[in-house]
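Presented below are the structures under discussion, each in the form of C-alpha cells.
Here come two complexes built around chain A, the first alongside chain B, the second alongside chain C.
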Partner chain A sequence: MEHTSPLERILRGIALTAVVVFFMFPILWIVLMSLQTNETILRSPPSMVFEPTLSNYQAIISGQLTGNTATLEIKFMGNLLNSIILSVGSVALALLLGVPAAYAFARHKFRGSEDIAFTLLSFRFAPPLLVLLPLTIIFQQIGLADTYIGLIWVYQLICLPLILWIVRGYFEDISPDVEHAYRIAGHSWFATFRHIALPLARPGIAAAGLLAFIFAWNNFIFALVLASADKQPVTVGALAFITASGIQYGQIAAAIVLSIAPTLALALYAQRYLVEGLSLGAVKG
Partner chain B sequence: MYEKEKGLVEAYRRGGMNRRTLVKSLGALGMSASTAAILVNASATKALAADFDWKQHSGKSVKLLLNQHPYTDAMIANLDNFKELTGMEVTYDVFPEDVYFDKVTAALSSGSSEYDAFMTGAYMTWTYGPAGWVEDLNEWITDASKTNPSYNWEDMIEGVRKSCAWNGQPGGALGSDDAKQWCIPWGYEQNNLAYNTAMMEKAGIDVPTNLDELIEAAAKAQAGNDGIYGIGVRGSRSWATIHPGFLSGYANFGEVDLTMSDDGKLAAAMNSAGSKDFHAKWVKMIQDSGAPDWSTHTWYQVGTDLGAGKSAMIYDADILGYFMNGGDNAMAGQLAYAPFAANPDASAPTPNIWIWSLAMSKFSRDKDAAWHFLQWASGPEHGLFGATQMDFVNPVRESVWADAGFRDRLSSTYPGYVDMHDVSAPGASIKFTAQPLFFDLTTEWAASMQKMVAGEVPVDEGLDQLADSVNSQLKEAGLG
Partner chain C sequence: MTAMLNLQGVNKIYNPNSRHPVHAVIDLDLAVQPGEIVALLGSSGCGKTSTLRMVAGFEQVSSGSISLAGRDIHTFAPARRNVAMAFEGYSLYPPLTVRENIAFAMKSEKMATADVTARVDEIAQLLDIEDILDRYPTSLSGGQAQRAGLGRALVRKADLYLLDEPMGQLEPQLRAHLRGRIKHFIKERGLTAILVTHDQTEANALADRIAVMEGGVLQQFDTPAQLKDAPANLFTGTFIGEPPMNIFAAQAKSENGQLVFALDQGVDLSYDPTAFPDALQQAILGLGTVTLGVRPHAVQVRDHGAKAQVYAAQWLGDQTHIAAHFAGGSVVSVHHDRVSRAKGEEIGIVIAPQDLHVFDTASGNAVSHGGTLA
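Here is the complex of A and B:
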C-alpha cells in the first residue's frame, strides 16, 4: 500500500487548491460580478466586499435593461431559448444522420467512401462567410431564410463532420469479432448495429455529441447572417448589453452565467455516461 | 379628449402657443408630461396629414434593420403615430452595435431584399454607394409628389447634410453639386470636451481652450487628483481612434489626411510639417496624461472611465459625455461640456462628426413606401419628439435645436452642452477625404499612432513610414 506522509498530503492539497483557484477564478469572478451593480464593479480599486443584488438576473429575465439614459428592451431569454432549439435540434439531427454514416464508413468499404468522408470533413475548413452569402440567396429563394429548420440545416456544417469523424474512430476501434459473433447467431446487420455497435460506441457518441453541442452553442455567425433578430442565439444576444450609452458589466456577467449553465449541466450529465461507457469497455482487438 | 385639452392642442397647432407652454398647460389640467407629449405628437401627426397624401402606401409594409441605440428607441416609441398616419406596417430587426455592421454588410452584399431601409454611418456609404447597394435619395427628396411639403430638407444642419452626400469620385468633395445623397442624417456626434467639474476644481484649473492648454490641463488634473488620468481619448488599432478628438483637433490646424493633385490623384498628407507638430503634441499628451492602457481604449473605455471617475476629461463624442452624466455612473451629474478649438488661432472648433443616418436598400421591393418611412423618421416632428421626450441627441435639424423646451432641458442637466453645440455646429462636418480605402488607411494611421505612443518609432519617422505605406496602397488601388 502506498504511503504518503502528512506533509506530502498537505502540499498536494495546497497544489491542487492553487490549480483549482487558478482555473476557476475567472468563473468565480464572473459569478461575483453578476451579483453586483455596475457602479460597484467599476470601483477603483476593485473589491470582493459588496452588497449582493439579483437585479442583473431580474433585468435579464424580465427583459428590461436600465441603461445610462433609458430602459431598453432586451430579449436575452428568447436568445437563450433560440440557442437551446438550435443546438439541441442540430445535434439531434447530426446524431441521427452521422452515427449510421460513421458506422458505414467504419465497417463497409465502398467506392468513394473516403472521398465522401473527406468532403464532409472539408465543410469544417471553409470560412463560414464564403458559404453563408450564397446560402442567404438560396435560402430566400426556397423559403428557408429566417427559419429554425434552415438554421438547423446549416448548423450541420458544424455538427455533422464532428460527429461523423469522432464516432467513426470509435467504431473502428471496436473489434468486429463481437459483431460477427452476433451476426452468426442469426441477427441482422441492423440489429447488430443497434444492440452491439451502438452500446459499445456510446462513450464516443456521447463525447462527439457533447463536443458538437458546445460548437453549435458557441456559433455566432450563422444565425447572425441568416436570421432575424428574433432567432438569434445567446452569442449574439449577449452583445446587446454593450450599448452606445455604456457597458452593463453586471448584466453581461449574469448573461454569461445563464448561458454557460446549460452547457455545464450537459457536460456534467454526459461526463457520467462517458465514465460509465468507458468502464464497460468491451473487447479490444 | 376633453374640450379644454382639445382647445389647447388646437391652439398649439395654429401656432398660438409654443410646445413648452402647451405641455405645461396640459400638465396643469392633470395630464402627465409623457401623455401630453404623445398627445402633442399625435396632433402634429394629424397636422402633417393635412398637406400630403400619407396614405398612398396604406396597407403596405416595410422592414428595417436597426442598430441598438437610443435613436432607435426614440423611433420605436413614436412608431404608432407613423402607422396611424400612413396605414402602413413597420417591422424591424434590432442588432447590437458590435455585430450590426456585419449584419448590414451581409444583407447588402448578398443582395437580400429582406430589409427596405437601415441605419448606417456616413463613412459606410462610401463603400455601399459605389457598390450599388444603396439608393441615391435625391430622387425622392426632390420629388414633390413623394415628399411632404413640410419635410424641410434645408432645415438639416448644412455640414451634416452635406457630409452624407458624395459623388463617388475618390477625393470628391462631400456635398458637391453632383453628389449623391446616399443617406439621410438622423442623429450626429460632434467631438468636444466633456470634463469632471470637481476634478478640475480640485486641481485648480480652467477649462482648456486650445491644444497646448489641454496638454497642460490634463497633466495638472492628473497630478491634482489621486488615482486618475488626465485625458481620455481613443487608442485601439481601429479607424475609430482617428475620427473623434484627434481628427477634430487636426483639422482645426488646417491639416488634412490626403491631398488631391490636379489630375485627381490622391497622396498622403500625414507627414507634412504641421501634421508632424500636431502628432508630436498629441502623442506627448497621451504619454504624459492618457490612460495607462490607452492602446486598448475604444468608445466604451473612454466613456466608462469618465463616468466612473477614472479620468478628468475626454476629447471625444459629445454624446458620450452626455450618456456618462446619467444613469448609475458614479460621476452622474458632475460632468460639464465645452467647445474645443485645438488651434489657438482658429476662430471656432471644427469637429469631425459621426452621423447615424438612414439609407434605403437598393434591393428594397417597394422603395416609395420605404421613403415614406424615411421622410417621417428624419422629419422635424419626429426629431422634436425624440429630442424632447427621448434621448435623440444630437438632433440634426436646426429647428429642433431652436426649440426652447429642448434647450432648457439640456441646459438644466448638462451644463454647457447647448453652448458647446451652438459654437461648434457651424464648423461640424466630416473632415476625411472620401475614398474607398478609408477604413484600411485610417486603421493603419491608428496603428502608427500606437507605435509612436509606445516609443517604438519617433513621430517624424513614424509619419514618413505611414505616408509611404498610404501612398503605395493608393497607387496599388489606382487612386494615387
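Here is the complex of A and C:
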C-alpha cells in the first residue's frame, strides 16, 4: 500500500468528486427534467423541489405528445426501434466483414495491403456530406434509398474502419508463432483463426464493437438525408420535439433518457472489456 | 539409406517483386538421415530460421523441393507435414496453463487422459519445469517459457523435430545440463531433429552433423570433428573454433629445395618438401598467393622459430592465451598449462606442417589440411 497523509486523501477525494459531479451533472439534470412537467422546468427561479411525474414517459411511449395547444402524434418508440435495428445491424455486419479483414491485414502483407487499409481508414476523415449527395442519387436509382439495408450499408462508413483498425492492432500484437504452434500441431488456418486468434483478440473486438455501436447510434447526418420518417433513428426523430407550439423540454428529456439508456447499459456491461481492451496487455507475453 | 528429410535446390526470396528483395536462402541442398540430429549454425540473419520455416510450412519455398519421409511436402499445409517445432520467440497460448499447452499438442493423437498426463510429466521432468506446469504463460520468465515451448514440441510424435534456438534464453549451466538430457531423449527414441543455434558448443555437443550457413549459402555440412580438422573454406575455418583460427596472407615459392611461405614483413615459413605430396606442392605453387590458417591450439611457442612480440598473455583458469604481433598481423596461441610471458617479450613461433591449413585466397576454398589435399 502507498502511504498517503490524511490531507492528501481528503484533497484527492474532493478532486474525484468534482470530476464525477462535472461529468455526471448533465445526466442527472436530464433525468430530473424528465420527471418534471414543462411548467416546473421553466419556472423561475429553478428549484430542485418538485413533484415527480411519469407523464413525460407516458407521452413518449404512447406516442401522444401533448403540447400547450394541441396533441401531436410522435413515433419516438419507432425511432428507438430503428436506432436499435440500424446500430445492431451495422455493427454486426461490420464485425462480420471487419474482423476477418483485420486478420488478413495483420497477418498477410500483400502488395498494396497498406494502401487498402489506409483507404478504408480515410472514409472516416472524409466529411459525410461529400458522399451523401451522390449516394442519395445512386440509392434512389438502385432502390436502396430509405431501406434498412441501404442505411446499414452506409453506416459501414462509420463502423467498418473503426473495427478494422482497432482489431487489426490486436491481431498484430498476437505473436504469429502462437498460431504457428497450433497449425503445426495439425490444424487448418481457419481452425487457428477461430480457436486461437479470435479468442485472443476478443477484448479488442468487444471494445471496437462497442465504440462502433456508439458511433452508429449517435449518427445523425446519414439518417437525416437517407431515411424517411419510418426509418429514422432517435437522433433524427428528436427533431420532432421542436414543435410550432414550443419546445417540450420535459418530453425531450425523457426521450434523451430513453435513447441513451441502451448505450449506457451496454457500456456499463462491457466496461471490463473496454478497460481490458483499450489498455491492451491481455495478449502480450 | 534414404534420407528422412531432403532439401533440393531450395531458395527463399522475400518480397521478390519489391524494390528490395531479400534472397535469404540460396540453392540449399541438405539431406538429413533418420535418427540424426543436425545443427544449423551460422551468424544472425544467415537464413537458419527461414530454412526451418520452409520445412515447417510457414514460408513457401521460392523454388526447389522438400521431401520428408518419402513425401514431397513443400506444397502441403503445415498441419499435414507431420513435423513438430519449438519456436525462437514467444509461442505459448496465454489462456492455457503450461500443462494444458503441452497436453494440447497431443490432442490430435487421441490418447487416454492418463497417458497424456504421464507424457507431460515425463517431459516436464526432462526439462526441469515440473514446478511451473500449472502456471500461466504470462507469468513465466523467458527461459521458462522457452522450455515449455520446447516441451510442447518434444512431447509430440512427429517425423521431424525443428528446434529454433530452443535454449537461447537459458544460462550456460542449465543449458549444458539440459543439452545432455535432450540428446539422450532424442537418441533413445531415434527421433530426427534439426537444431538451430548460434552456439558452437551446443552444436558440437548435440549434433551428429553441423550445417554451417552464411549469407543464405550452405558453406559446409559435416561432422563436428571434420569441420574442425578439414574446414571446406576460409569462412568455416574462421567461424568454427574458439578462439578463431589464425589467418595469414602468404606467397608460396620453392627456394633452396624448401617449400617457403613468405608472409608479410619478411617472415618466412620454410618446410621440408617431404611433408607435402608432389600434387599438393604443384597446387600450392601453381596458386602462388594463398592464405594460411592455423588453429591457436597448434601454434607452438619456442625459442627458435619466426620472431613475434607478445602484447597480451592471459590465464583463463584452464588455459593460457598468448597474443603476439606477428608478420604484420597478430597470432594467438593457446596452452593448456600456465605459461607466463611478459608483455613485449620476444618469442619464436613454430607451425608444424601437419597443422597448416592452406586456402586459395581468390576463392576462399581449402587447398590442403595438414599434408593432404582437400
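As a working rule, the second predicted complex is superposed on the first by the 254 of 285 C-alpha atoms of A that agree within 3 Å, B and C clash if a C-alpha of one lies under 4 Å from a C-alpha of the other, contacts with A are read in each partner's own complex, and residues count from 1 in each chain.
Following the convention adopted for this analysis, a residue touches a chain if its C-beta (ideal position, glycine included) is under 8 Å from a C-beta of that chain, and two chains touch if they have at least 3 such contacts.
Given the structure is predicted, the values throughout are model-derived calculations rather than measurements.
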Exercise. Determine, under the contact definition given at the top, whether A:132 touches first (chain B), second (chain C), both, or neither.
Key: first
Exercise. Using the superposition on chain A described above, determine whether A:200 touches chain B (first), chain C (second), both, or neither.
Key: second
Quiz item: More residues of chain A in touch with chain C or with chain B?
Solution: B
Quiz item: Is A:214 touching the first partner chain B, the second partner chain C, both, or neither of them?
Solution: neither
Quiz prompt | Partner chain in contact with A:175 - chain B first, chain C second, else both or neither | solution = second
Exercise. Answer with first, second, both or neither: which of chain B and chain C does A:121 touch in the superposed model?
Key: neither
Exercise. Based on the superposed arrangement, let me know which partner A:39 touches: chain B (first), chain C (second), both, or neither?
Key: first
Self-check item: First, second, both or neither for A:187, with chain B first and chain C second
Solution: second
Quiz item: Counting only touches as set out at the top, which of chain B and chain C does A:85 meet: first, second, both, neither?
Solution: neither
Exercise. Report for A:145: first if it touches chain B alone, second if chain C alone, otherwise both or neither.
Key: first
Self-check item: chain C partner contacts - residues on chain A that touch it in the complex
Solution: 111, 175-178, 180-189, 196, 199-200, 282-285
Exercise. Report the residues of chain C in contact with chain A in the complex, numbered from low to high.
Key: 17, 56-58, 77-79, 81, 83-85, 87-95, 104-105, 107-108, 137-138, 145, 149, 152, 156
Quiz item: Once bound in the complex, which stretches of chain B touch chain A?
Solution: 68-70, 73, 93-99, 102-103, 106-107, 109-114, 227, 299-300, 303-304, 307-310, 319, 323-324, 326-330, 390-391
Quiz item: Along chain A, where are the residues that touch chain B in the complex?
Solution: 37-39, 42-44, 66-70, 72, 129, 132-134, 136-137, 140, 145-146, 220, 224-225, 228-230, 232, 236, 239-240, 242-247
